[in-house]
Amino acid sequence: MKKIINNVENIAAEMVSGFVKTNPAKFKQLPETLAVARVDDDFVNGTNVGIVSGGGSGHEPLHLGYVGKGMLSAAIAGQVNTSPTPDQIYKAIKYADKGKGVLLIVKNYAGDVMNFDMAKELAEFDDITVKTIIVNDDISVEDAEDTQGKRGVAGTVLVEKICGAAAQNGMDLNSLAELGQKVIDNTKTIGLALSAATVPAVGHPGFKLAEDEMEYGVGIHNERGYATEKLAPSAVIANELVNRIMKAFGSTNGEFAILVNGLGATPLMEQYIFANDVVNKLNELNIKISFAKVGNMVTAIDMHGISLTITKLENDWKSYLRQDAQTVAW
Amino acid sequence: MELSTEKTIDWIERWVEYIKQNVTALNELDTAIGDGDHGTNLNRGTQAVKKALAEEKPQTLPLVYRTTAMALVSTIGGASGALFGTAFLTMARLSKDGETKLETLLLEANEAMKKRGKSDVGMKTLIDLWDPATKAFRDHKLTRSYIQNCVDKTKNMKASKGRSSYLRERSIGHIDPVAKSSSYLFIALLEVLEEDK
Amino acid sequence: MKKIINNVENIAAEMVSGFVKTNPAKFKQLPETLAVARVDDDFVNGTNVGIVSGGGSGHEPLHLGYVGKGMLSAAIAGQVNTSPTPDQIYKAIKYADKGKGVLLIVKNYAGDVMNFDMAKELAEFDDITVKTIIVNDDISVEDAEDTQGKRGVAGTVLVEKICGAAAQNGMDLNSLAELGQKVIDNTKTIGLALSAATVPAVGHPGFKLAEDEMEYGVGIHNERGYATEKLAPSAVIANELVNRIMKAFGSTNGEFAILVNGLGATPLMEQYIFANDVVNKLNELNIKISFAKVGNMVTAIDMHGISLTITKLENDWKSYLRQDAQTVAW
Amino acid sequence: MELSTEKTIDWIERWVEYIKQNVTALNELDTAIGDGDHGTNLNRGTQAVKKALAEEKPQTLPLVYRTTAMALVSTIGGASGALFGTAFLTMARLSKDGETKLETLLLEANEAMKKRGKSDVGMKTLIDLWDPATKAFRDHKLTRSYIQNCVDKTKNMKASKGRSSYLRERSIGHIDPVAKSSSYLFIALLEVLEEDK
């Protein structure tokens, strides 16, 4: 395993420290936590609903890169691929609350859901109103009753952006939770890997793909996908992902946002080529794209791969997406 | 039955030791159907418990449970941190409210974890150990072989909670890692009670 | 070679197309070129000095990601690792000129320098005033008279940011060229690779490093560095780069900006850990950091590695760096 | 001496063909001391020249040179694109201004490239072929073996321009790729002139 680190145990702590130290005017680390929080005047003197997210490390810039005006109030990093702990989440909620309550944006993994749930109970004990929305945009896994349900992946950042902008504009907690849930229901993602990620504590790639293989439907923790196939041209991959996602939507009416997301080790060169193919395919299907984003937004450590997220836009979502955000990574 | 503060600490510390001895084995169980970190997660948590008990020296039962719960909850972070944390927090709360019967504490801990995980027996989780084990303990029927039997039964279950649930049918044939790590808690309890006799 | 592409010949063209198609409101592609140019009202109705940059593809988001208000007016992409052609550069200059002249920011490679030079002559033929500055921040190569001189690497983006902000504020061409040259003289970079990049037309990594090796001083086109060593902890690497760069500055007085730059396949996790070590080391040396940036800013296709850039700040440079920029990648 | 428009096209097309036949060899020379793309670069450029000459059918000498220059310059992009482009643009400009002597055109092209590259003889570039070759041509002494000799001489030079200059001493022992590709231009010229006789 080749990584620029000091030791495996300190990865999350040193990463958060590096993030805060290179942005000292905008963020601080909450005491005794791996939580990054806003310190700008707008926040300090503000009275908006707080938005808190977090999760295991390894998906950077998610979530710390999205802390800032117009997105998150605070974000908590767990150990690599491990949910943050309730005490730290609780501290972030407490810091984010301005008397109007706090929205928790949680990716649908058992550890995250339960730890955020415990934090919510701690905060409610302090009379802070807390609502939780669970992001589950990965349609490469079935949404069956007898499983954990779909995973939360790249679509999370669109949920954070839309809710963040609405909160910035003064929306109340109940409406925000409703809005967030609607965005989640309208957001679908599929991932593709050319090679797996190396989890530092494990020391080797999570699974092996041959020199001429790729895998459709992977998750952001090396979860295997729905099909291993021969490596195909970008346009073929774009067709598969667009078709599968649009089939899940059922209809091509309305306006859509797209997110082409690099999974960590994928050069932007490949991401833009793939984005070109996605847009071509959507144009061919007469699907209206009102917002597009390309880049490493929600990664899987050093996975070489890409994901495509499509959100069907309603109401003001387009303007929420386009609204200015003062974060490091949006 | 009631367990003294001292015995309770002894019990928990024996569990801590069992986890330490079995880190790799637990990781391997989690590698088969999860993300391979259960041993590491729980060892981080239980070592923090050991340290906290040594430093804080809790003198009452509720404090022992609370110290244990907080150490687990604040150092693990995974699914198991929330679950074991919920169990011990429940035992802390009830014992603080005057409940002294260990049977009741354990049964209520089991119910609280079901609620936390929205899970029940048959889902291939730690509930498949806790639910029968706590009931057998209440009925004075808990034995090592009964515990082992509960653990083994998870092998042929299909997971429907947590990461392993994505594997659907492929989760069959592997023991659930938290059922296994929970089994050490009940084995440690039997040991402490046997010494008493 | 595993890449998400269609075919090697079309990489630059499809990439530029994907970039423009996902940002149609902000940019356009100049006809018959791989040049990306601003179309926002501020630019269209503006009268500032134009700033044009460009170079071979493979360093994304450089340069197209830095087109926008407060940075570049236009950027031209060449084929992978190959300078753009004079006719295309000329078209970009012509588009960028608002009667106040155009500044060319060129990285110091023979191909780039000569092709931009030819474009400059074409533009001057049209009575457009053009000034060129040549970025050569890579101090891992000697600045000897009998070589091409130092290479232009990650520091380029700081030059583009500072000049872009100054141009946005109305600075004239001569002052801009002087400013840019001063920034270049005050900017020093060293790169580090854990593994080489795979140039698509070549199909395999440009050089081999063993599982436990890294190389100090690499360039962004797989140019070999000054030392191959055993892979060291992040803090050791930070020490080496900081010490070598600060030694080149001579003095630690004043204020400095730092750029920790991922070379393409390096997860942000590693970049922030490394940034943490760099800041710690600079703090230890009592060096004042007034601006810091971390991310994939100037890449080498899919190289796994990092570079550190330090700029000694003068006058208003700090505020130019902090000034808002409406680009995709700053 | 003067070369007709027709003969000039013949000359350039022979060069185009030489480059096509030697793409891999030129890439290999550039791999040793550069970035390995000189053959690919120049072949892209000369194939564009061939296409442009066929499509535009330039009828005058200045137009032939101009078409050649623009095709090279607008498709190569590397160091060699600017250099060969400068050479042919210079020949286009001078012939348009009435200069008809091929010797003069070539000598001036060489000077223009020196200026473009801030380079001179001894720096292990195409100048080490062009400078002696154009002078020998002026003096009616240009032969195949002389050309080959100039190419070979670059082998023991230390590069001080372009990518190869970073290699310092290690650039010694390899032929310069643009000296080699330029040699085909002069060999093609000899061929055209020989056929004339």
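As written, the chains take the letters A, B, C and D, and residue 1 is the first residue of each chain.
In this text, a residue touches a chain if its C-beta (ideal position, glycine included) is under 8 Å from a C-beta of that chain, and two chains touch if they have at least 3 such contacts.
Bear in mind the structure is a predicted one, so any value in this text is a computation, not a measurement.
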Legend entry - Fewest hops from chain B to chain D - one hop per pair of touching chains: 3
Inset, instruction - Just give me the whole-number Å value for how far the CA centre of chain A lies from that of chain C. - result: 28
Legend entry - Where chain C and chain D are represented by their mean Cα positions, the distance between them in whole Å: 32
Inset, instruction - Let me have the rounded angstrom distance from the C-alpha centre of chain B over to the C-alpha centre of chain C, please. - result: 54
Legend entry - Multi-chain contact sites of chain A, meaning residues that touch two or more partners: none
Legend entry - Residues within chain B bordering two or more other chains: none
Inset, instruction - Sort the chain contact graph into one of these: line, ring, star, complete or other. - result: line
Legend entry - Inter-chain touch pairs (all): A-B, A-C, C-D
Legend entry - Of all residues in chain A, those that touch chain C in their complex: 2-7, 11, 14-19, 21-23, 57-58, 60-61, 65, 80, 194-195, 211, 214, 231, 233-235, 237, 258, 260, 264-277, 279, 292-296, 299, 301-302, 304, 306, 328-329
Legend entry - chain A-facing residues of chain B, complex: 35-37, 40-41, 70, 73-83, 85-86, 116-117, 158, 160-163, 165-166, 168
Legend entry - Residues on chain C engaged by chain D in the complex (per definition of touch): 56, 78-79, 81-88, 109-111, 114-115, 117-118, 141, 146-148, 151, 199, 201-202, 219, 221-223
